[in-house]
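In what follows, chain A forms one complex with chain B and a second complex with chain C.
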Partner chain A sequence: MPQGASSTPYPPGLLQDWFATHVFCPLHGVAFVAAIIATVVAFVAILAGLQSLGSGARRRLTMACTFVAGLFYLLAFVLTPGNKASGTAVIGGKACAFRADITWDTAPDPTPQGPPVDDKDKPWQPPKPKTRTLKGAVELTPAEKVKGEPQPGVDILPIEGTQNADGTWDLKLAVDETPVALTRTGRSYALAWTGGSGTLTFRAGIPLNRVKGYEQPLGTFMIIMGGFTIFLGLINLVMLHGKVLLGARRGWHNSLAFFIGLVGMTVFGLWQLQLPALEAGQPVPLAHAGYKLFFDGLLKPLQSTTFALLGFFIVSAAYRAFRIRSTEAALMTIVAFVVMLGQVPMGQALTAWIPADGPFGWLRIETITNWLLTTPNTAATRGILFGSVTGGFALSLRVWLSLERGSYFGKEF
Partner chain B sequence: MEFANPFALIILTALSALVLAFILTSTGGRELFIRRVPGVDAIDEVVGRAVELGRPILFSVGLGGIDITTLQAITVIGHVAKIAARFRNRVIVPVVDPMAIPVIEEVQRESYASERAEEAFNPEDIRFLSGEQFAYAAGVVGIMHRERVGATFFFGNFAAEALVMAESGQQVGAVQIASTPDSNQIPFFLATCDYVIIGEEYYAVTALMSRDPVLRGSLIGQDYVKVILLLLIVLGFTLTTIMGPGHFLAKWFAGSGG
Partner chain C sequence: MSPALLRLLARSRSIDRRWIALATVLMLAAPLIWRIPLTMVPFPATVKLKTTIDAVPENKLIIVAVDWDSATKGECQPLTAAVIDYLLKNNKKFALFGFIPQGPELAQRLTEELARKYPGKTYGKDWVNWGYRPNVMNTLIAMMNDVPGTLKTDIRKNDLSKDPLTQMVPNLKEAGLLYHVSGTALFKSYLQFCAGVPLANAVTAVMGPEQYPYLQSGQTKGLLVGLGGAAQFEAVGDFKDETGAKGGEGYKGMGSQSLGHLLVMALIVLGNLGVWAQRRLDETTPPPDDEPSETPIDDQGEAA
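Moving on, here comes the complex of A and B:
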């Protein structure tokens, strides 16, 4: 879907529509080839530019980029999107207050809709301008409420509105299902309907946040950039195993297995993608059979085997951890024993004779287990989490402001 | 919370200001006290032990990509590599995220260069194993056994593979230091490693390894941040107990942004 055409709760970003129309749009023919060449040239130019810089200048550039990126996310979080409206009204002599949510929507297409078309078959359309729509409820203030629950349509009145190009709002309101005529003067509206009148004043949030809309496209950009780094990993692996294999060093057969796996998975993986989906009863093509052999027959069982090792390692680790060498170790062993008993039916059966709702119900082993897990254990875990979060906060601040030390940050300890 | 409400904005600004104020205080020359953490003090000793045994060191940064947690681990790699370089020892760093390879390579290269031990640095010691969790774990276990590592460091984000790797380290007789902010893996590391640096101590490692005033000031600042947040929690449950759930503090906290 082209940028800007989707309905989001955020105001459109700075120049987002321009980018959507001129940059993030499908290209064909010469323009498509030219765009690819331009991208490669730009990429090479940036790399060459970075290489020509000294390490000090490169670090300063990194610091600047880090600061700008951090500032972007900070602004996306702290600036108001202006998605709230609030106000007061006097309807039939009774004071009311209201809050409404504002959304940003693409105006509905006035032309009749044809049958649904698959996204990939849809011709690309430039993004349409968005409008702000308001939806909320006007409700009697607590002082005006009589006994009993407020009645929808009488005490709670739905309010809707659309913002015009000049910033004014067209509002819709009905009292006792009778539409109300609104006459605007500045931010105030005079209300009139059969049998009554009133006034309404409201203030819609100012949409300061124009950067939030870029979070998603930037996230996509990061994913694409991250995807390219798989080649870094691949080069690293091929060089490492290639040297072992060519030099017939110790363990060369492992490197051979790596190359067989790499080539096999790549060839069969890409090949089977080109074929139509398998149907029942049809002979299985070689591409699918090969892919199945590598993925379901080798990778999955090997991963499951490594995971299954955990069972054995837990036993040996538990043996070491639960040896009673100190008061703390003894306490941990007792607690672990109780918790384990409380998790199995045999352990629960030991104290099943104690009435659960009696005065000694808390002595039942599953009750003690539950208390241990939800009270001291949760308290300790939250304590650790709390410390981690504050530590992460301080480190993030240091990284953002380039105050962090270490060779990566250009400042030695 | 998608957008900051006014209360969140005030808290965020105040806490950032507090951390920065302590950094300024510390850089101004005021000596700030930080308690020692045995796991951090042991880093130099553990590297020395591997040197004595004549075996390489393995440093795992876990499953995380290039994020705050991994950046902290990379800073520690720089320190460990520097000590290892002094004795011409190797530091093997297997990674899950290929994006980390050039960063770690650069850090290690500089550490070896700073000790005039460029010839001891082997770029092949920074190895991408796999992006898959258990394939990575199997690769790390293989390296531990083949290279007979003398010391292992586990710094970063870990999941179920933590125990597989740490227990294998025990089997080869390596001295092990683990550090993770993830509370789920701490028990496994406690059962298998010689030293464990837990929770917020993970982010304090660099401040403890050096006497850098910026890092120390930041650490003290974050402690005060914690005190303020704890006071807010105490105030919150006291008000909730007395006034019920609709009190002003709850409204401030719950207010949506925008």
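Moving on, here comes the complex of A and C:
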């Protein structure tokens, strides 16, 4: 694909190009300030409106939003992108099949004239609309059955084309590097070239999926919403630890550690981002030193230490809780011991004397371990996966249709 | 069996946890100080990963997705180091990338350290680090169509549309292989959104059993599990450390892991023997008639 071009099998979202050109375009000066003020006012008005709603109305609103969001993803998944074209061709009296893939492409930027301009100095240009492009081939003979893999240009006629605004296609094809003349009549094309002729009729899929294009912008929206939730969590933590610290209550030093970590990480983290990357031998600025202290000196060792404690708990728990009380438990213990031994060199050494390629090679502990992991374990894991995915699907349906009871759906409607 | 031996065995079910912790420390630390020469036999999944990497053509970029942090560094770092070392040794170009903030940074330091073993290996020529990105689902969907357009810059703020290594992979489907290392369930996102991309993965030992269905179905082209997986890859890749001894970071941990496994097994056996011995003692020794047998008595002689 040429640099700067992008290709997707899905058509642009409904009105997406219009939004990209007329709504989501960069603003400058007064318009920029006015847009920010309008956004804040609208946000406050929406929040105030939501606050004034009764709990029943709020619940109905949540249900409606959940349903619309679920419907969006359902449609994005179900609706066909219409990215296939198929038809028939008659070449030299022989009936042939035609198949093609359809993508939506943006034309690459023309070669820039003069010295390259930095992206930030370029004036904003509205995104170019994407063109529906077809790439496929007519197989001239059933070559695959007769003489193996068909040869492009000999047994296969590659065809490319773009769709016009009126829905018709401009096609290009060549036989032995000779361009073929095409005459369109409705959905059929008459082909003519030196030494031959034929016809081609095909039908392109209908691009019904006009919602998939919004998946990425909505994802960006969700990241921003996620940022707000982190902010809310932060406020909650600051309030909680602030009360403990100011009241000098029990465990106040933990709250102090929280504030030092929060402020230190935020200040040094953002500060060091503003500085250029460090070169070797260069003196380390305070921002980098502070960030290194908090990130490398505190966060990483604390994380490693916390996780390392797990090892001691596992050993202790295995000793205290692993009791062989039934045949099933005994079987599981034997299998666990075999798998544990088969994964480590000291265990593998127990059966290393058995020739791996000999008739008793299957008795080697690593071979038995591998069989246990790839056969009974795979079957059991797949069963669990099927069960959990089916359960997840049922739960998703309940949430989508607001049948779930909980904080957001207090009762059934 | 004599009652004295039974009583001794019965006491083995209540060893103080501090002794167990001490035994764990000693068993894990000793092989790190006195190295035990060991031989690791690779599993077919490990051999398959090496074969898959070997089959990647020179003009294709391998993506190493490093979704791990300090918490799982003990296992994930050797798993990453083994493959990166092999890529550097075999002149394969690769990109580092991750959805966990620490991952790409830790992997960058690791790669810089490993690259010193191979003269001439430099950042930008042999590997590129795309850095951390949030939002798995949307980023992967966007990368399936346009990698440089989605990621924009690398960790050194270089424009990826002009980066020669990134130009080798205009979209994820053009990648020679995507090798994912993690202690999380993020690999499922790659399976879900990266259809058509050749995938391989490495996970922490606790997550290993869950991954085998994807290996059998061919959705992952190779699988490394835990520290043992790293050691197996080092065995199959014929690794040598700085002293010329067999293996690398994974191999170094195999002595500790072997003794750790043996300790766990010994403790399970001991705990169960203790329970069995106590049961035999209870069966053979009749309870005294003058006091209730099951009521515990506290230090002051009062029933609790």
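One rule holds in what follows: the second predicted complex is superposed on the first by the 373 of 413 C-alpha atoms of A that agree within 3 Å, B and C clash if a C-alpha of one lies under 4 Å from a C-alpha of the other, contacts with A are read in each partner's own complex, and residues count from 1 in each chain.
The rule we apply is simple: a residue touches a chain if its C-beta (ideal position, glycine included) is under 8 Å from a C-beta of that chain, and two chains touch if they have at least 3 such contacts.
Being a predicted model, the structure only gives us computed values, none of them experimental.
*Asks:* Should the pairing of chain B and chain C on chain A count as a clash or a fit in the superposition?
*Replies:* fit
*Asks:* Taking the superposition on A as described, I'd like to know which of chain B and chain C A:F77 touches: first, second, both or neither.
*Replies:* Only chain B is touched by A:F77; chain C is not.
*Asks:* Once chain A of both complexes is superposed, is A:L395 in touch with chain B (first), chain C (second), both, or neither?
*Replies:* first
*Asks:* Quick check for you: in the superposed arrangement, does A:M340 touch first (chain B), second (chain C), both or neither?
*Replies:* After superposition on chain A, A:M340 lies in contact with chain C alone.
*Asks:* When the two structures are overlaid on chain A, which partner does A:G233 contact: first (chain B), second (chain C), both, or neither?
*Replies:* A:G233 contacts chain B only, not chain C.
*Asks:* After superposition on the shared chain, which partner residues are touched by A:P301: those of chain B (first), chain C (second), both, or neither?
*Replies:* In the superposition, A:P301 contacts chain C only.
*Asks:* After the superposition on A, what does A:T266 contact: first (chain B), second (chain C), both or neither?
*Replies:* Neither chain B nor chain C is touched by A:T266.
*Asks:* First (chain B), second (chain C), both or neither: which does A:T194 touch?
*Replies:* Touch status of A:T194: no partner.
*Asks:* So, does A:T378 touch the first partner chain B, the second partner chain C, both, or neither?
*Replies:* second
*Asks:* Return, as a multiple of 10 degrees, the angle whose vertex is the Cα centre of chain A and whose sides reach the Cα centres of chain B and chain C.
*Replies:* Reported to the nearest 10, the angle reads 70 degrees.
*Asks:* So, A:Q125: does it touch chain B (first), chain C (second), both, or neither?
*Replies:* Touch status of A:Q125: no partner.
*Asks:* Quote the smallest CA-to-CA distance from chain B to chain C in the superposed model, rounded to whole Å.
*Replies:* 5
*Asks:* Quick check on my understanding: which residues of chain A belong to both its chain B contact set and its chain C contact set?
*Replies:* Shared contact residues on chain A: 299, 303, 306-307, 314, 316, 318, 320, 381, 385.
*Asks:* Quick one: in the complex, what on chain C touches chain A?
*Replies:* Interface residues on the chain C side: 15, 17, 20-21, 24, 28, 38-41, 43-45, 69-74, 102, 134-135, 137-138, 141-142, 145-146, 149, 156-157, 159, 161, 167, 170-171, 205, 208-210, 212-213, 215-216, 225-226, 228, 231, 254, 257-265, 267-268, 270-272, 275.
*Asks:* For the complex, give me every residue of chain A touching chain C.
*Replies:* 1, 3-4, 6-8, 119, 215-216, 219-220, 222-223, 277, 299-301, 303-304, 306-308, 311-312, 314-316, 318-320, 322-324, 333, 337, 340-341, 343-349, 352, 364, 366, 369-370, 373-374, 377-378, 381-382, 385
*Asks:* Using the touch definition from the top, list the residues of chain B that touch chain A in their complex.
*Replies:* Per the touch definition, chain B meets chain A at residues 3-4, 9, 12, 15-16, 19-20, 23, 65, 68-69, 71-72, 74-75, 78-79, 97-99, 101-103, 106-107, 110-111, 114, 124, 126-128, 131-135, 137-138, 146, 160-161, 163-164, 166-167, 170, 181, 183, 186-188, 190-192, 198-204, 206, 209-210, 212, 214-215, 218-219, 221-222, 225-226, 229, 256-258.
*Asks:* Enumerate the contact residues on chain A facing chain B in the complex.
*Replies:* 77-84, 205, 209, 212, 226, 229-234, 236-237, 239-240, 243, 251, 299, 302-303, 306-307, 309-310, 313-314, 316-318, 320-321, 381, 383-388, 390-399, 401, 403-409, 412-413
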